[in-house]
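In the two complexes that follow, chain A is the common piece, with chain B as its partner first and chain C second.
Here is the complex of A and B:
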């Protein structure tokens, strides 16, 4: 009997670093060259199946990066099991912003939250302002996962969600259970049907999307 | 030449007069921006009884909720044009040669000297006019339109626009700046930033020259171009337009821009930010909101929603619409403020607590915000704070937007920022009911069959019309068919409607509101007619005799009465 787990994931980071594009790549395997800024926050789900038959369903909050929405962020990360703090490798200021999100999460979020630092727009390496070494070093010091991605080419995108999906059941089971329960409510019945379908398909990545 | 109306309650020459030499005072046209339309050819005032007697409506007042406009009380309460005695209209002869960015900028670095120079410039510009021949019309447009009255030389009932006429419809330019002169927004994407900064600097200087005298500048007219100022400190709104629309229309556009900004921030937050720092850089804080402002303005150019302060809902079978409304009724624990279903950017139904109406401007801002494509893409779900300024300018409502189908959105607003889970449950329940009754298909079909052609009405000579049910605060109009199927022709027609609307409602300080107005250009005749239950505007061939035009309007009214059930959202359930 395969296990089904459900986790809340929140994306944080400065505006225009590519948070929505990352999610769109992960959930629908699509990319828009021109995307309007997110208003408020968008909610999406995607399921990842692990080798042991466990399926991990992410309930993703893709938050708006603008300063004026900052005060709303706690609403999204409060019960999150994991967070991806995104920066743009061509904008060093965006790494600073990501670091400040990380500090806020370390202070305010659930202590067991899994945090990943993610440098997006890797396809624009020619205009790189943030070196891999610098970001990786910071991630190591803070005990974070780290990766570089390109939502445009898809490089590294499924990889980071996979790594989080593998890590979560090990490090954060109690928190995850709570998160799952909180997110469930009466709509939960429909969701578990989805999960079974997912398990049956045994798919990973975008093909596995049934949302 | 149209008579210069002695404006009712002409404001006393305010402190501004101190600025001017005596002779200039006569020329400073402190008049309402737009006296009765100059292209009026014949204005017939008839008692409504000569038309089909409208039946006073005794029921269906639920939606008066939606209403700001109980006709006799307040035809335009929403964005009321409030003639304010301190404000004045400046109508100067083309000042372009006098006030140019170069002169202003070159004239001095300090604020004081700049404003001094500006004052001098204005003085000179205004005095200059006294040397001119006569009191020419303050609006270059007027002369121009008068030319349009020349007898028709050709038999064609639609002479093509001259390049000069067409050239007037270049994009209006909108600017938002802080009262410290910091740019917040400009509608044009192209053009150098530096130029825009300079332009906004001049605007700020102009406004402050008058402000120093306790005065407010409302308009500057230069040739056929009019610059409109709306001051909502700490923000200033400016529009440059040469379309010839009534001033009330431009002000409404600017007012809506203000509301759109408030919807992202709330008034209290805006005030606080500027109390703390007078030179706060609001532009940065509004990053990402520009597309919303652009879409708002894009709609304002081609739609009469803001002019009429009314909504256009999706045409649909009345019974089905009622059923859809019933499926939205939320469980009481949800504390919903409003719930609606939209498709193709139009409202299908809107349910609300009893005695809890929605203001049309709030609805307009809400629709503008949530019809952004990414919110209504397949499967999308969002949760966004939005301030509806007329509902509560100091707080956010948290809005659930879920796409039931591509382009079909279920929207729920509540005051609880943690209301997400409850909203999702509600969505699940609504979706299930809609699917069980096959109503989602109905909605998708209605979205496709919503547009209709004026030809369907079969009214001779009728080219286009706008019918507003004042009781329901909603309007309907057919597609813009030929000859109004190009941007410029559509803009021109809309501007004509707006001129008639302005005259009917006496928005620009005209002596009195009218019941009926008929204007004719070489290309069409437009008639506007207002009664208690409805307002109708028809565009007909200019060769159609007046009685035929009147009967066309009557036929539109009869048609709309017959179709009312499909055209308007009339009895949405309340909870």
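Here is the complex of A and C:
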């Protein structure tokens, strides 16, 4: 049987840089010109198949707007295998914000996390404030992947997820790989329990007593 | 901040985050504020730097304890019943998808100077030194009675109306010894003191059933625990709230809770120059004058007692416990001449709360004397050599009114119990005060796409 890997991927970046739009393009190949700030989209998944038959399933977390007032919970990126830090090429301040997320990840996340710096809205090159050279140089210095994308035209979107999918199986430690039976905890000590099994909690009647 | 909200929630402790999440899911427009720049308030789990900042601001953490970010130390030690109100909330709101749970590996009870495992199977009960042979027979009769008891079926009552008869009389009927009573009332029904014996037996019986069901769920103990500390719980519920449109502002000081001078009803909150309005406010006691009443301010919360807690750092498991990576030990009050039980909660690297080889024991009890730390000694003495110890005494606050009159709804402090069921009870209570209805948990589908 071919290998199946699952990874948690988080998106970070200033509000309105196009995080949700990138996910929408990648998962559904759609774009929405008047997209509202993210509400309700908690969790999306998408699978990338590699040439060797391995399939890489992304469990994609969007910020749900919690970053707006510097209020993103650390839980959000704690066990992430990869992060895409997004900036808007027409807003130089958004690159500074992306850089500050990268520093936060370097401090708090697992050292093996794969980080991609992503300049979105490449279709608006006429209004460009962030040069390719500047962003690329920063990415190289910090050892990050880098790309420019347009969620609107689709340019570069599949490409960056593809590059991450190829890199992850080589670098992610076993516990970051949420494969079918992989234990996620440090060193995998002790099995995790699944609360959703057995038809939900409290389903056991009094006859469940085995004292 | 000039919009108007349905509800403002103050403080991101677990109770507040659950309520915020439930309100947002219910379609309410929620603004959630915390004065700290981190989630969780009292329910936050601390890394070493944060622990030192809180307890010893002038010292730096030792370097031989491993990496800072390996630590997630709870300030309030509690576990989750594998089958109880908290698991219901987690499952029905679907926040389980943000969390990972581990089983707590053992449940122990202190008896006559020794630590004994609470039997989890009939085989263990059979071998347990907790009871003699005849007492086991009597206990068995009692447990069979408990298991079969159904409120609506008088045939199972054996002539006892448990809604009226005190628990003491039920023990007498089954002829159970004092030690067995201690065990049942404190290690299974998890009462902190003996008052329950004078109260109608029904609640005790229900608690025993809950304990047994939780025990039956995964086997080793009735408890589960979230990886990386209890502080993950408020964060997970805050995400639920945000996903349903809740707005979050951390690091935001609340200077004033504004009320209408005529009616006394809630208007909004002021932070510096900004004012934000809402129909109602929900918050933890610290936002309503707990500990630092200002002159002329309405008294909204009162102190009900104090809990003393000691976070102890060990480099070994607790002696006499089969070296398990996590456990609870209950020291029933009678065993050590107290009015309230002493609890020990042990966690370690397996739950992602400490570096490899480091164990964290939290000893706690309700304060009865003027030297609280000394009251913990029977617990501290069971731990073996203690590398370091951080002691705190926390007042327990409770609101003076229901909040229905002024739309100011205040939650309770986190109590001395060893589990989160009282938090769930508080959530249900506040929900009912706010909405006028019982909390109904209906599973909502969050957008999931393959």
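Brief remarks follow.
Please note the rule applied: the second predicted complex is superposed on the first by the 164 of 211 C-alpha atoms of A that agree within 3 Å, B and C clash if a C-alpha of one lies under 4 Å from a C-alpha of the other, contacts with A are read in each partner's own complex, and residues count from 1 in each chain.
Here is the rule we go by: a residue touches a chain if its C-beta (ideal position, glycine included) is under 8 Å from a C-beta of that chain, and two chains touch if they have at least 3 such contacts.
Please read these numbers as outputs of a predicted model, since none were measured by experiment.
In the superposed model, C is the one of chain B and chain C that contacts more residues of chain A.
Of the two partner chains placed by the overlay, only chain B lies in contact with A:15; chain C stays clear of it.
Using the contact criterion defined above for the overlaid structures, shared-chain residue A:73 touches chain C, although it does not reach chain B. By the touch criterion defined above, A:64 lies against chain B and chain C together after alignment on the C-alpha atoms of chain A.
Judged by the touch definition given at the top, the superposed model places A:44 against both chain B and chain C. When the shared chain is aligned, chain C comes close enough to touch A:108, but chain B does not. When the two structures are aligned on the shared chain, A:6 is found in touch with neither chain B nor chain C.
Overlaid on A, the two complexes show chain B and chain C touching the same residues of chain A, namely 39-44, 64-66, 68-69, 75, 185-187, 190, 211. Chain C makes touch with chain A in their complex at residues 37-39, 69-70, 82-84, 87-88, 90-92, 96-98, 100-103, 105, 119-122, 125, 143, 147-148, 209, 212-213, 215-218, 224, 227-228, 232, 235-236, 238-239, 242-245, 247-252, 325, 349-352, 356, 446-450. Looking at the complex, you find that chain B touches chain A at residues 264-265, 284-289, 291-292, 369, 372-375, 379-386, 399, 417-418, 420-421, 424-425, 428. Residues 27-28, 39-45, 64-66, 68-71, 73-76, 78-79, 108, 184-187, 189-193, 195-196, 198, 200-202, 204, 206-211 of chain A are the ones that touch chain C when the two sit in their complex. Those residues of chain A whose C-beta lies close enough to touch chain B in the complex are 15, 20, 35-44, 64-69, 72, 75, 182-183, 185-187, 190, 211.
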